[in-house]
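Structure first, commentary second.
Letters A, B, C and D mark the chains as written, and numbering starts fresh at 1 in each.
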Amino acid sequence: MTSQKMICQGLSCERGGRRVLSDVSFELDGGAALLIKGPNGVGKSSLLRTLAGLVSASAGTIALEGGREDCRLGEQSHYFGHLDALKPALSTIENLRFWQEFYEPHSLPNGTGAIFPDLEAALEAVGIGHTTDLPSGYLSAGQRRRLSFARLLSVPRPVWLLDEPTSALDAASEERMLGFMEQHMQMGGMVIAATHLPLSLANVGELNLSAVQGPAGGSDATAEDTQAGMDDWFYD
Amino acid sequence: MTGSMTNTRDAAHWARALFIREFRLGVRVGGGALIGVLFFLAVVTVFPFGVGPDMKMLARIGAAVLWIGALLATLLGLDRLFQADREDGSLDLLVMSGRSLELVVLIKCAAHWCATGLPLVLAAPVLSLFMNLEPVAMGAVTLTLLVGTPALTLFGAVGAGVTVALRRGGVLLSILVIPLCIPVLIFGVSASTAAVSDFAPFKAPLLFLCAISVLAVVVGPVAAAAALRNAGD
Amino acid sequence: MDFLGFDLGRHGGYVLAAYVVVAFAVTGLLVWIRADRRRLEREMAELEAAGVRRRSQRAKPVQTD
Amino acid sequence: MTLYDLANPTFFLKLVRRVLPWLIGACVLVSAIGLYMAFFSAPEDYQQGNTVRIMFVHVPSAWLALFCYGMMSVSSIGSLVWKHPLADVSAKAAAPIGATFTFLALFTGAVWGKPMWGTWWVWDARLTSMLVLFIMYLGIIALWKTFDDPAKAAPKIAVLTLVGSLNLPIIKFSVDWWNTLHQPASVFRTDGPSIATSILVPLLVMALAFTLLFVAMHLSAMRNEIFRRRIRSMRVRVAAKAPAAAAGRVVGAAGVAGGN
């Protein structure tokens, strides 16, 4: 089982001229989870979106040792954000089948494929097996979240980037999701979750963003630096 | 497990899945297909009310009216090309899917053209009845539309990619894209009017139109993909 | 031009065209309504098989043809 | 049997099932008579020859196009004022049928005019107003298709239909005025100096046949629309119904079935 290791050094990024992340570094081994803590606006979502490659970092490097060299980390990871990426006009199974056929699979370190390669099984596992042919417009918010999560179960990718994964979920669904996260980690995968609620997971590290780079606004001394950004050059 | 040998079969597989999804969404409830053709019908019908029902004059400006109607109808449906995906979060996943974004944009444009562009071409002969065009001119307009509308969609995709993050992007899209589409309009109309007058050349503008469409097949997706890549924030 | 041995005169073609298109459109509409109804009833049967009892059905089983 | 009794779909469906066969029977009978009279007993027009027989389909279609829009306006009032669920259903079911008959009126009008003017389409006042009506119909159908929740769509579309019906006379007048402004009074007059009874009777019979046909189609289209709404509400219940045994946490104990 080739173990993978994610190394992220000196990561910083701007949003609208404001420096949101400054010099964030951490390492994460395969089979481990990382909880990103910190008050709202400290940049939890921005860190996840930067790791996913959706936002371009202004400085720092992201590397996945043991993964595919020619692919960015974003292409070897799942991003589970606030939006469900579902089309109400398509039925539940059509939505899931599209993502399974469209997404490029990356096998997990222990070489196995997806947790639920079969779509019906994936839907059954997240508890919406009875809505396979219903247009997903009929699903409730919680059911849509679970359908979106089923995407992570049916396409194998080593890194899971979860933004508030347990929001809009009830106790049972949250239990179920934690179970899948542990199963993913047992297969050598990595989970990075930004959340307020404590996640009872084995082998989980913590990264408190406010400690690493100071509170959202930054202490007075470094106020100017943390505000530095694209218009830094004009700040002469 | 994702060796290169599976790439060719694999490529066709995901491309087909994306095309089917986009086409199905375009045609299903709330899709843009019906609305595009209706807008085309409405625009073409309004012209005679403005310029009067004089048949000879309508025949002269018929081709131009049809082409301008088709251009506006195409632009109408384009701002939802990426906006819909961005609003429900699919755009992020498309960018992260590991498939080449240029190909993804090309397939989305192809599906969008089949759902909204093709019905315009099919409606053109019927609408040219209202413009009292002779059969030859009718055929010419339909042919030039068939060849020209892909270019409109592909250049429009660039505008859509650029304005995807803006709130009122739809309006801005038309302003950005119309200048890009002026050559398409010029060659399209001149080819259609040349078909009836016996001394103006018909082939030359038509070939120019094809050339522009082929150019758009390359420029459109590349530019739109670049615009989408940094629309993530 | 005659039609069923009935002389329609010089422009008979147009008269025939008009009536044929009307007949075609009306039958098209009827067929579309009929097919729509069959599809909907099949879908309702499926949903009822999935165990969804409607308000009216709970009182007494009503046989919808 | 007050108006509200009709609100119960099952009662309405029973009513439709009882009335429909009679309607269809009457429609077939009357149209047979109408067609016979149109082709055999009506004389040729001294001026247009046999093309005048197109009038027997053109005028009833045009009449139905307007009748259907009027019927949709009444349903819209019912839907807005009394919030009667069947009014929405009747308005939505009538739109495609009305659009088809408007198209037929346009087509038969163009075919009727072809021998006279030599071109398929002429911006004659009546045909132009019919074309505008056709676009309004298609607009309403497109609007029905964009909303996925019919209950939310009904009031908005009802308002649009009513505004449309207020505009129809204005459109009719302005198109007539626009037409006379640009063209000498067109020689072609559908109703001719005065309709001879030998032509008027078949026309009325055909109009009755078309109306019976329309009512029969409208009732069955309404039945379909009720089925569609019923399926929609059943689907919502299927989605909300929690599955019997939800797969619990794979590692931990089986979770309790928690639908939300």
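Some observations on this one:
We take it that contacts are C-beta pairs under 8 Å (C-beta built on N, C-alpha and C of every residue); 3 or more make two chains touch, one makes a residue touch a chain.
Note that the structure is predicted; figures quoted are calculated from it, not measured.
Each chain gets a centre from its C-alpha atoms; the one nearest the centre of all protein C-alpha atoms is B.
Ranking every chain by how far its Cα centroid lies from the centroid of chain D, the top place goes to A. Chain pairs A-B and A-D differ in how many C-beta pairs are in contact, and the one with more is A-B. We define each chain's centre as the mean of its Cα atoms; on that basis chain A and chain B are separated by 36 Å. Centre-to-centre separation of chain A and chain C, using mean CA positions: 52 Å.
In this assembly, the C-alpha centroid of chain C lies 14 Å from the C-alpha centroid of chain D.
Residues of chain D in contact with at least two other chains: 148, 235, 238, 241. Those residues of chain C in touch with two or more other chains are numbered 50. For chain B, residues touching at least two other chains, in rising order: 29-30.
Contacting chain pairs in the structure are A-B, A-D, B-D, C-D.
Those residues of chain A that touch chain D in the shared complex are 88-89, 124-125, 127-131, 134-135, 137-140, 142-143, 169-173, 175-176, 178-180, 182-183.
Residues 119-123, 128, 131-132, 135, 138-139, 141-142, 145-148, 178-179, 181-183 of chain D are the ones touching chain B in the complex.
Residue ranges of chain B in contact with chain A, taken from their complex: 1-2, 10, 13-14, 17-18, 21, 24-25, 28-31, 87-90, 92-93, 95-99, 230, 232-233. Here chain D touches chain C in the complex through residues 8-10, 13, 17, 39-40, 44, 49-51, 53-54, 57-58, 61, 96-97, 100, 103-104, 107-108, 111-112, 114-115, 213, 217, 220-221, 223-224, 227-228, 230-231, 234-235, 237-238, 241, going by the rule given at the top.
In the complex of the two chains, the chain B residues touching chain D come out as 29-30, 34-35, 38, 41-42, 45, 48-49, 52-55, 129-130, 132.
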